[in-house]
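Multiple structures follow.
In what follows, chain A forms one complex with chain B and a second complex with chain C.
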Partner chain A sequence: MTTLEQGGSAASRSSGAGAQPPARAPQDGARSSGGSRPGAGGRRRSPSSVSQLTAWAFAAPVVVYLLAFYAVPLYRNLDLSLRDYTVRSFVQGGAEFNDFANYTTVVADPTFWPALWHTLVFTFVSIGVQFALGMALAVFFFQHFRLSTTLRALFLVPWLLPLIVSASTWAWMLNSDSGVVNYALSLVGVDPVHWLTSPQWALTSVIIANIWIGIPFNLVIVYSGLQSIPADVYEAASLDGAGPWQKFWRITFPLLRPVTAITLLLGLVYTLKVFDIIWIMTRGGPGDSSQTFATWAYDESFGNVLPRFGSGSAISTLLILMALVAGLVYIRAQHKQEAS
Partner chain B sequence: MSSARTTALTPAARRGTKTALGLVLTAIMLFPVYWMVNVSFTKTSDMRRTPPSLIPLDGTLDGYRAVLRDQLPYLGTSLLVGVATVALTLVLAAPAGFALAKLRPRGGGALSFALLVAQMIPGIIMAIGFYAAFIKLGVLNTLPGLVLADSTIAVPFGVLIYTAFMSGIPDELMAAARVDGASTWRTFVSVVLPVSRNATVTVSLFAFLWAWSDFIFASTLASGSQLQPITMGIYRYIGNNNQEWGSIMATAVVASVPAAVLLVLAQRYVAAGVTAGAVKD
Partner chain C sequence: MKRSIVSRRLSTAVALAAVATLGLSACGGGSAPGGAASSDSGSAGGTYTVWDPYPQFDDSSAWVQLLKKCGTDNGVTVERTGYDTTDLTNKALLAAQQGTSPDVILIDNPVISTLADAGALTDTETLGLDTSGFEENLLGAGVVDGKTYGVPVGANTLSLYYNKDVLDAAGVDPASITDWTTLTAALEKVSAAGKKGITFSAIGTEEGSFQFLPWFWGSGADLTELDSSQGVAALSLWKDWLDKGYAPNSVINNTQTTSWQEFATGEYAFSENGTWQLGNVKDAGFTWGVIPIPAEGGGVAPAPTGGEFVAAPVQSDDSRYATTTKLISCLTSPENALATDTTLSYIGATQAVQSEQEKDAELKPWVEAVQGAKGRTSDNLGTDYPLISEQMWDAVQAALSGSKTPEQAMKDAQTAAASATS
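For the complex of A and B:
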């Protein structure tokens, strides 16, 4: 069928034309233009509309899927956040709109401001440290010494483990009485820290575990960015007498700026929604000391005998707004990078 | 002459130092993994000893006996859910990737955009929405419901991977199939899919791993189910307050096996998945 190249980008059209002369004929992609084209095994219907139909037939399952399994849950979430649900009306329907009562309740809740603050601290400290360490390790492993490939692969392990595995391992390592971390600290004369059981350390503890999980991701992305920097730039710098430190700050770091932006924004989107690690290690506690929007929404919705879906979904909606803002900035940044 | 020899040796020596430093860094990074394995072999009576035993010399297999006793149904469920999620993901993602890469539907850009946004939605929001919808549909606490929910983690990623990969397939290859009279569907099945084996492997691996690792959907949509995945098995161990850390860590080790297998057998696919899709909860 010669119809498939229709309506594509200029570049792909020309490559298609090179392979198959008949496709060269009508190039404007208008439906009326292709009717009389002779093609090997061509159909009689307008090729462009046929190809559009075929194209959408292939994409249809995913479109239906997106509507049913993304749009519907999102809609249900929003709907829950705007109505006054009880357990009965949750099952039977018929809950009243209550304006934005769920939202005002949530904002007035004593947990709101701490949870917002923890969400921001957790997110920004995590991605900042993950990225700094990931970049340092990427630069280190980029030097191609013996075993560098194998060791770099081993660094992926934390990223591949199920989160519940990492979280429970860290929970035991950070145990106040018998954890290996406190044992190590005792060797250098530091008193035991109540990592998970004291309000002042709980957030730090979950951030440490989250950083450990996130380093591999940053390492891999920055490493791929390093691969795209041409080697002759470094050679020229060497000829000019630049040292390794100068090379990093004058060449590597500036040239990695697009990769940096993408990695940080993506990190932002994915760290905002971290739930498993915090829930398994501290359940947002003690008190609300490590509560973030994600754990709070879960706690409200599923953590009690009587679910409070109204406030749970209102918190979720606030969370998704934060994620979407970050996500849209990411998509913009990526487009800019592709364009340049 | 001696100075020439030192300059000849220095880079090699420096490389040796780097390898040593690399080993140390990797050891630090993987210490928690080692500790998990170590604790899984530690006797309950030694669990709270000071100093903790750094090597399980006087170890026990009790933790793994507990896994065999308690966790087999959970592991089986996870395997089943994982495989079903992979199947569903592939069936949805491969044709869509093909359409976006090669058939250029009008509005394809909007679809790609929707997929990008979809994978940024926090799991808790999906969980609440699914919970409400699943009650109505009667699939709460069923495995098909869990598979559906788990597939949402992987389908957008799958489409993006397939699109990226299939865009690289030369149009000439498809043109040749068309000259032979193959329909678009036939071209897809007999030409494009076999060539896209690597993409299929990458998508399958990640879909399986994410379904296997999922906790949020398991704990919200399957917590009342007869069959529950391994993440819930671990969670129950933790929640039982008996603090049998040997059993918990042994289960954790067993639950990590797919990740280990993945890394050993399919390392290049993993790196490709990270950079191409760059997604992870």
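For the complex of A and C:
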């Protein structure tokens, strides 16, 4: 490790030595040939403040972008969730602050606890199964057998399809009366299952569809993680007599830990906010049986002719907090891992 | 060492980016700026903007041509944008908030009371628009507290399409269906003959309420009392059909379009659907007919009216209203309305257009259905309607999916609706 780093810095030093002089030369040239001109400027502004300004100028686009597209929407969302919005006050302005009334309404709503439970089940079951299957497939394809590249590419298809296409396709396949899944079941003598229209199955159905869509993401990231594990570690393990199981649990799994952590965190955030699949397949129904926070927030804000922006944005805020907590947990875990 | 710094930075960045993405997607709708900005006020002539929910029509279509012509006739240029129906309500509200409303908007009739309540629409009296030619039952959807906001461009409603081949095979005469008992008996015969009974849309959106209303009203129930015995009877009728297999379980997720696709397979005897399918049914490849939806005890059930209103959103510069009024009058004049209603498969909203359409045998039953129809926001329900409707479709979903009995579902719905509208 140390030798590598030394080598790296030596290389950068030498490349820097090669690159810097030409960059500096025109500056020097300008200064010397310009004579008094840069001196006049230098009196008013010290070179350091100029470079500071330049730095800010370079940062400005990003700062503006972050403010306009991240800070302002977040602020607006929070603002909406703390006010008593009706259609009239939304248009005419003057919605009054009502402290946390929207939040208490949301928590007291009969949909709250089922929706929270569905959100957690949807998220954790999806991530767990996606990751397990993604990892299994990644390890499988890492064997480099014939056609493995082609097959791996095929596994990416769910990722490439627009969500509306895959969700609609799932909805057709799971249709109670004309769906191919129930047809297949009927061939083996199983009674039709009301996948999307019974309260017992709706959540399961959307989870299945979501897992299918999420596998490629896990597959790709874990696969790239596998590539970073040096082959000689496996060789050494083989010489020591480790079997395939041992190699997986003692080498692959521990060395993949950083990749695992980031995959799970990204998966968590992606899955928490999954909206399209549920909305297209069941609209959170029947009743509230597949309602998650994401669909509920949308339903409150836009699902009715009479929008309830206050409670809709309150639910969104709760959702953001959930993701934030997940992010913080991840960062903490990362620090601990580095410290140890 | 180096690696750990990089990875720490990376992880922080990832966490931040992830949270930020979530934040954006979660609240994007609430704070997105309005759509197309309307033209600036002022100069004589100038540009007038029109929004409509007919994205299927492009610039070469008769509808857009008519808009342009109405503009040129009144010395202005018309700039038109077509939006998706569900999108248009949000767009209209946001535009009203930003002060970028179009001059003329065509919007689904139950939304009118919401927009009027938001103070986003100009009433016809202020506009100086004559509403006397329009049918009272259709205009009713646009009346809030005695003021009329906009006029209907046309109307549609629901009836029962039937597949004559299926009915003949089962030995059912469509003329014999006059009430719920005879309809259920017909469905039983069709099922016994190995075909499927009826398909409709009971999806958990306004579409589901729209489809349920003819049965709800047909039982004599009233929207202010969802859990009346009549209301429960209507829901039990549907539930009963599902339990006996007369209607497919997929109705719980069906939109009116997907339920029509089921009917178009030729396997179903009936489909509860609207005027707008008249064009499609001719391509269906089987003999078809239309009967009105029967009321529980016989006679025709009042169906809800669908279709758009032409309205004038509030403008900061009220000198624009004069031209706006001329544009609306042009669009709804009998000959233009007839042309528009024909393209949209709508029934006219004025006596003049309706009597013209009655000459067509295919349209005659629909004209009658529209004349007997009722606005959803009528009876001065106004903005209470969406709140009641939401509870009603929830109840329908709960009962049909079996998570509640019809009685319990309607009782819960009434409790929720009462607290929401109080």
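Throughout what follows, the second predicted complex is superposed on the first by the 270 of 340 C-alpha atoms of A that agree within 3 Å, B and C clash if a C-alpha of one lies under 4 Å from a C-alpha of the other, contacts with A are read in each partner's own complex, and residues count from 1 in each chain.
Note that contacts are C-beta pairs under 8 Å (C-beta built on N, C-alpha and C of every residue); 3 or more make two chains touch, one makes a residue touch a chain.
Predicted model, so just to flag it, every value in this text is computed and none were measured.
Student: Which partner chains sit in contact with A:62 here, chain B, chain C, both or neither? Use first/second/both/neither.
Tutor: The answer is first: A:62 touches chain B but not chain C.
Student: So, A:100: does it touch chain B (first), chain C (second), both, or neither?
Tutor: neither
Student: For chain A, which side has the bigger count of touched residues, chain B or chain C?
Tutor: For chain A, the partner with the higher number of touched residues is B.
Student: Is A:324 touching anything from chain B or chain C once the two structures are fitted on A? First, second, both or neither.
Tutor: It touches chain B and chain C both.
Student: Touch test for A:335: chain B only (first), chain C only (second), both, or neither?
Tutor: In the superposed model, A:335 contacts chain C only, not chain B.
Student: Determine, under the contact definition given at the top, whether A:117 touches first (chain B), second (chain C), both, or neither.
Tutor: Neither partner.
Student: State whether A:177 touches chain B only (first), chain C only (second), both chains, or neither.
Tutor: both
Student: So, A:77: does it touch chain B (first), chain C (second), both, or neither?
Tutor: both
Student: Once the shared chain is lined up, is A:249 touching chain B (first), chain C (second), both, or neither of them?
Tutor: neither
Student: If we overlay the two complexes on their shared chain A, which of chain B and chain C does A:273 touch? Say first, second, both or neither.
Tutor: After superposing on A, A:273 lies in contact with both chain B and chain C.
Student: Kindly list the residues of chain A that each of chain B and chain C touches, one partner per complex.
Tutor: On chain A, the overlap between the chain B and chain C contacts is residues 5, 8, 69-70, 72-74, 76-77, 80, 90-91, 171, 177-178, 262, 266, 269, 272-273, 275, 294, 297-298, 301-302, 309, 312-313, 316-317, 319-320, 323-324, 327, 330-331.
Student: Give every residue of chain C touching chain A within the complex, in rising order.
Tutor: 1-2, 4, 7-8, 11-12, 14-16, 18-31, 86, 89-90, 93, 96-97, 110-111, 114-115, 117-120, 203-206, 248-250, 252-253, 262, 383, 385-387, 389-390, 394, 397-398, 400-404
Student: For a test of understanding, state which residues of chain A touch chain B in their complex under the given definition.
Tutor: The touching residues are 1-2, 4-9, 12, 15-16, 19-20, 40-41, 51-52, 54-56, 58-59, 61-63, 65-66, 69-70, 72-77, 80, 90-91, 137, 140-141, 143, 145-148, 151, 153-166, 168-173, 177-178, 180, 183, 212, 215-217, 220-221, 224, 262, 266, 269-270, 272-276, 280, 294, 297-298, 301-302, 309, 312-313, 316-317, 319-320, 323-324, 326-327, 330-331.
Student: Sort out for me which residues of chain B touch chain A in the complex.
Tutor: By the definition above, chain B touches chain A via 15-16, 18-19, 21-23, 25-26, 29-30, 32-33, 35-36, 39, 47-52, 91-93, 95-96, 98-100, 102-106, 108, 111, 113-118, 120-133, 135, 148-149, 151-152, 155, 159, 171-172, 174-175, 178-179, 181, 183-184, 188, 209, 212-213, 215-216, 219-220, 230-231, 234-235, 238, 245, 248-249, 252, 255-256, 259-260, 262-263, 267, 270-271, 274-275, 278-281.
Student: Using the touch definition up top, name the residues of chain A that touch chain C in the complex.
Tutor: Result: residues 5, 8, 69-70, 72-74, 76-77, 80, 87-88, 90-93, 171, 175-178, 194, 196-199, 258, 261-262, 265-266, 269, 272-273, 275, 282-287, 289, 294, 297-298, 301-307, 309, 312-313, 316-317, 319-320, 323-324, 327-328, 330-331, 334-335, 338 of chain A touch chain C.
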